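Below: one structure, written as C-alpha cells.
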Amino acid sequence: MNLHEYQAKALLESFQILIPSGVCIQEATPENLATVKGTFKNHAQVAVKAQIHAGGRGKGHFKENGKSGVQLVSGDCLEKAITSMLHNTLVTKQTGEEGQKVNAVYVTEVFHYTKAFYLSICIDRAHQCPVVIASRQGGVDIETVAATHPDQIIRIPINPSIGLCHFQARAIANCFQLTGSAYTHCIQTILNLYKAFVALDATLIEINPLVLSDQQQIVALDSKVQIDDNALFRTSISPSLVPIQSPTPTSTKEAPSSIIRLDGNIACLSNGAGLCMATLDLLHQLGGQASCFIDLGDSASEQKIDSILDLVLTDSQSKGVLINVFGGTFPCDILAQRLIQKIQQHRPTKSIQVRLEGNKSEEARELLKTAPVPFMDDLQQAIQNLLRSVSL
Amino acid sequence: MSFLTIDPQPRVLVQGITGHAGLLHSKLCLEYGTNIVAGATPGKGGQYVHTNIPVFNSVAEACRETAPTVSLILVPAPFATDAIYEAIDAKIPLIVCITEGIPVQDMLRIKSVLKGTQTRLIGPNCPGILAPHRYKIGIMPGAIFKPGSVGLVSRSGTLMFEAAWQLSTLGYGQSMAIGIGGDPINGTSYQDVLRYFNEDPATEGIVLIGEIGGISEEQAADYIRQSVRKPVVAFIAGQTLPSNQRMGHAGAIIEGNKGTAAHKIETLKAAGVYIAPTITDIGETYAQAIQNIK
Amino acid sequence: MNLHEYQAKALLESFQILIPSGVCIQEATPENLATVKGTFKNHAQVAVKAQIHAGGRGKGHFKENGKSGVQLVSGDCLEKAITSMLHNTLVTKQTGEEGQKVNAVYVTEVFHYTKAFYLSICIDRAHQCPVVIASRQGGVDIETVAATHPDQIIRIPINPSIGLCHFQARAIANCFQLTGSAYTHCIQTILNLYKAFVALDATLIEINPLVLSDQQQIVALDSKVQIDDNALFRTSISPSLVPIQSPTPTSTKEAPSSIIRLDGNIACLSNGAGLCMATLDLLHQLGGQASCFIDLGDSASEQKIDSILDLVLTDSQSKGVLINVFGGTFPCDILAQRLIQKIQQHRPTKSIQVRLEGNKSEEARELLKTAPVPFMDDLQQAIQNLLRSVSL
Amino acid sequence: MSFLTIDPQPRVLVQGITGHAGLLHSKLCLEYGTNIVAGATPGKGGQYVHTNIPVFNSVAEACRETAPTVSLILVPAPFATDAIYEAIDAKIPLIVCITEGIPVQDMLRIKSVLKGTQTRLIGPNCPGILAPHRYKIGIMPGAIFKPGSVGLVSRSGTLMFEAAWQLSTLGYGQSMAIGIGGDPINGTSYQDVLRYFNEDPATEGIVLIGEIGGISEEQAADYIRQSVRKPVVAFIAGQTLPSNQRMGHAGAIIEGNKGTAAHKIETLKAAGVYIAPTITDIGETYAQAIQNIK
C-alpha cells in the first residue's frame, strides 16, 4: 500500500522524525482555507503540493489548466493554487498520459536548508534482509547518482534479528559528512526511521531529500512510504491513512483478483500472477493488445466470478475476451457455468475464447458444449481466433 | 531436502487441518496417496478428521505421538508465522507452507532463524511439492502429474500446473514438482531445488519456471552454470510487462537492470539453459533439450 | 536490582497485566491512613503486607511485636496492622536471624480466585536463553512441586531473536487447563509478561500465584521482579522505584567493592569476586570466620581505598584484618601506601596481615618494609598468623 | 580459535583505544610485544596514539586499511554491545571483550547472532588472552606469565593471575592463558577452550579455575570425561559460600543442586580432574598431576 506524502509524514512524525509544518486539504471550504492561511500567516511563501501516488509532480501539469503539481505561492495566491489542483487530473512522467486525479492537496512551509541527502530503507531480496541506502547527493534523481557516482552511495545491510545498530547509523552520518549536534541528531533520526520501518511493516521508506536545517537539525523534506499489504491486519495505522485513491497497481502479485488496465482491446482473464503474465506475453507476441488483465486468484467465489464477468462482458474498451484458466483449487466447471449464464444475461457481441485446464476441466468442457463459446484445447489457437475476429 | 530421495513416503502433519482449506486439501492429499499421520489446530485436540487422522492442540504433541517428517501448513495468513515457528521449534525436517499473505518482515526473521536449524522451509505462498503417484504435499491438481524423470520447479502455482500438464501430455513424467512460491522472500530458492535435482538419480532433466521481479532466476543461472550437469529448460513470464517497480528508486539501486524478463532470459541462456519462448512451448522445448543429449 | 512487591506490580500493570488494587504506605500519617481507608471502604477485609526483599513473610514475625509480615484485617484494625510493621524488623526463613527493616507497607484487596498457578521468566544460563517456567500448582513452594511432581512443571526455552511465540503461550494456557475467555486472557497476559521482561531488562519475573478470577481473568497476585543492574543505564524505570532499602546481597559479582557482612571476626579485603571467595574459603578451611568481605574491584580510586580502610580498621566486629590482593590493573603500591597512612591515622589494635602480588607488588613490598604490618609471601602463613593473634 | 595456534602474532585492533582504559592497556599490550595495528573510536579518526597506531572512525575502515585478525574491546559498558556487533559485522575472526557490565539480554542476542558467523567472542567481563612472551590481548599483569605448556582457563581474572603466578613460580610456564569472563552468558565456554587446548600440540596439561554459580564447570566436566586426554587440574572458588541465589525459585528449578562448589568438585573429580583443595594449592596440584603422567 502506497501512502500519500502527507500521510507518510504524519507517520514519520509519530516516530520523532522532524518534518516541515504542513496542512492537508481535501475540500477547498472556507473553513479549511482559513485554517491553512492561519497556519502560514507568518510565511511569505508556502508550497502547495498535489497528493498523488507518483513522482515528478513539480514538472507535471494539470490536464485542466496546465499548472504544475507543486506550486510555490504567497498567501494571496494560496486559494487559487489549491483550487487549481483539487479534483483535477495531474499528468507526470510517472503517471502516464491518463494522469491521476488529485483528491488532496498538502500545503507546507518552504523549508530552508543547507544540505540535502538521500536516505531510504527497503528490502533487499537478493540478500534477504532490509538494506539502508544513503547518499550525500540528495534531492536529485538518485538513480542517476547511482549510475554516475556509485561511490557516493552506501548500502548497509541490516541483520533483521538485531535491527539497525548504532555503528551503522554512524556510518551514514559519516557518509553525510556531519559533525557536532547535526551528527548526533542524524544518528537519532536514522535509528527512529528504522524503528518506523519495522513497526509499520513498511516495505519502503524513502526520504529524498533529507535535509540539514539552519539549526543543524535533520528534517525529512519529502518522503515515500509503502506498507506491506500482507501486514495490514496488524499494522496500527489509522484508517484515515488508507489511501483515498487507489494506488497505480504495478504488480498482480499482491492483490488477488486485481484488475490492471491497459491500452489494448482484449480483456484477459486468468488465474495466478504467473499464468496471467504468460498469457499476456503470448497475446502480445501474437500481435494482440490487452485492454485489461484480471487475476481470478486461486479460490474466487461465485459472486466474485459473476462481478468480474459482468465487468468484462460489458466493458466498452474490450472487443474480445480471452479466458485462460488452469484450475488447481479453482474449479473450471463453476467458471464455465457462470460464463454461460452471464452470456445469456448480457448477450455480448464481442468475441470470446475460452481455454480451461486442470481441476474440473472435463466437466467444464461438457457444460460448454451447449454454449455459444467454444472450449479450446490450444491457447495459441484460441488467441489467433480472437485476433482474427477482433480485427474484422 | 535429500531425505525426500530416501524416504519414499514421508509422514505428514497438517497444521490447520480443521479449517476450510485444511480439510479440503488434506482430503485431496490423502486421496492422492499421501501418508498424513496427524493434524494440529489449537483447541481442536482430541478430534479426528477423515475418519482416523488424529488432531492435536499443538505441533509438539503431534510430534510426540505421530513423529511426522513433514509439516504442511494450511493456516490463514495472520497465524502462519506462528505456525512456522511452531514447526521449527518441534524440529520437523521439512515445512511446506501454502499460506499466501505472510508479511515480508516476518519472512526475514524466519529466514534468519532457520539458519541455525536443520529445518527446511518450502514456500510460503506456493502450491507445495508432489512426487507423482507417490505423494502430494500441497494443493495442486494431482491428475496432471505423471511419474517420470523431469525435475520441475516454479515460483508460480498455475504455471507449474501448465508446465506439468504439457510435460505429461508429451510423455515426460516428473520425478518431483516443487513450488517455491512467489513471495519476495521465501524459504527455499531455485538454487536449493536445483542442487537437489542435480544430485537426485531419478531426475534426468530440469524445468524451471520463472517470472519478472527479484533476481532469483539470475542466481539460479549462476548456479546452473557452475554446477548443474543435467539439461535445464526455463520459461520466464512477464516478458511484455515492465519489471516489478514496487520498490521504486531504492529497488532500482539494489537490483539495477536485473529483474527484467530480458535480463533473466539472457543470463539463463548464457548458463546453457534452453529457453521456452512462450507459455505453450514448455513441453516441446523440454522434448528438444532431452533429445539433444541422447 | 530487586524490586519490592508494590514496585513490581506497578511495572507489570503498565504492561497491561492485571493486579489486585493496592496502596503503598511509607509513613503512617493521618493523610495516608485516610487514603487507604477510603480506597478500601467497601472491603470487609484487606491484606497488609510488609515490603522486604525476601519471601516467607506470612510465616515470618516482627522482632518488636511477634506479628506476621502479612496480616488480613478489617477496616478497624488497619491502622494497628500498618503501625505494627512500619519501621520494625521482620524475620523470615529467608532473611536470616537479623531480619530486614520494613520501610514500606502495601495494603491490597483480598482477592478471590478459583485457581492458582505459577509462572516465571528467567535466564537459563546452561541453554543461554530466556526460559518460561509454568505450573498449574501455584501459590505453594514451587521448588517442592519441582521435586515431588516434576511432570506438573513445564519449561519453555525462548529464542531471544524471536521472543515468546503465540504457540508457546498456548502451551502454557493448556498446561493451566484453561478454556474460553480465560484461555485467551491467559495467552495475552503471558505475551505481555514477556514484553515486560525484555523492555525492563529483567533477569527474573516470577508470579506466584498467578490466579484465575471469578470473572475468568488472569491476575498477578504476588510478583517478584529483578532488573539487570547492568542495564539500569537504559531501563526506563522511574527513580521512585529504585529500592528504598538495599537488597540483601548474595553475590559479590554484581557490585564492585561491595561489602558483605558475615558473622565472624576477621575482615577480608581482596580484589575480584573469585579471589575474594577463594580467600574466604581458605580462611574458613583454616578455622577462621569472616566478619565481612570486601571486593576492592579492579580499579579502586585512592579515595575509595581510604574509605574502605577507614571502615575496616575501625570496625568493632573485626578483631583481625586480612588483605589479599593480586594486582592486575590494580596497583599494589597505592594500597600499601594508603594502608601505612591509615594505620598511622587510626592506630588500630587489631592484627593485620597483608599479602600482595602482581602489579607493583615489589614497590609495595619496599613501602611496607618501614611499616608495622608485615608483607607476607605466603597466604596460608598470613592467615595462620592472623588466627593465632585473634585467638589470643 | 584454532588460528591462534597457527598465527604466532595476531594483528590486533583496539576498539575504544582513545579512552582511559583503551590508552592504558593498549600501551601495556604494546610493551608486552602485541602487534597492535589500529584503534577505532567514533569521531577520533585520523589521530595516532602511541606514536604510530592509527585511529579510525569505524571498525570497517580499520579493517580496510589494516586487516586486523583480533579486536580487543575496551569501550565503556553502554557502548560495548554496539562495539561487538560492529566487530562481528566486519567479520573479525576473534573478539576479546574486556568490558564489564554488558546487560545479560544483550549477551543473549549476541550469542544468537554469533551462531551464524565465523566470529568467536571471548568475554565479556574477562581479563583477555595471553601467550607468554608472544602477545597479550587483555589487561593482565604480563610479568607473572612464563612460556611453557600449561593451558590456563578461568572465569575470574584475579584467580587466573594467582594460578599463573603459582605455576610460573614452580617452573610451569603457560602455552596460553584465556579468561572467559564471569558473566552468566559469555561468548566462549570452558568447553570451547578445552577443545582448543586438547588439540593444541604446545599444551601438555590444563588448569581450569572455576567458581560457584551456573553450571559451566559441570558442562566442562562432561566434555573432559568424553574428550580430553591431557591432565586437567581444577580449583573451584566459593566452597564455603551458598550457591548464587539471584534467580530464586526459578533458578533453583532450572539448575537444581548444580551450581554449588561441592557439586562442581564432585562432577569434575568423576571426570578424572585433579582438584586443588585451596587457592594456595593450584601450582602444587598441577605439579603432582603432570608428574603422575610422566
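The chains carry the letters A, B, C and D, assigned in the order they are written, with residues numbered from 1 in each.
Please note the rule applied: contacts are C-beta pairs under 8 Å (C-beta built on N, C-alpha and C of every residue); 3 or more make two chains touch, one makes a residue touch a chain.
Note that this is a predicted model, so its numbers are computed, not measured.
When chain centres are defined as mean Cα coordinates, C lies farthest from chain B.
A count of contacting C-beta pairs for A-D and for B-D identifies A-D as the more extensively joined pair.
Centre-to-centre separation between chain B and chain C, using Cα means, comes to 54 Å.
Averaged Cα coordinates give chain B a centre that lies 46 Å from the centre of chain D.
Residues of chain D in contact with at least two other chains: 109, 112-113. Under the contact definition stated at the top, the residues of chain A that touch 2 or more other chains are 159, 161. Interface of chain C with chain D (complex): residues 55, 120-126, 128-131, 133, 141-143, 146, 153, 155, 159-161, 198, 201, 203-204, 206, 208, 224, 226, 228, 230-231, 233-234, 250-251, 253-254, 256, 270-275, 277-282, 284-285, 298, 326-329, 357-359, 378-380.
Residues 159, 161-162, 165-168, 170-171, 174, 183 of chain A are the ones touching chain D in the complex.
By the touch rule above, chain B contacts chain C in their complex via residues 42-43, 57-60, 79, 82-83, 85-86, 89, 109, 112-113. Residue ranges of chain B in contact with chain D, taken from their complex: 112, 115-116. Contact residues on chain D toward chain C in their complex (touch as defined above): 24-25, 77-78, 100-106, 108-109, 111-113, 127, 139-141, 144, 154-159, 161-162, 165, 182, 184-185, 209, 211-216, 219, 235, 237-242, 244-255, 277-280.
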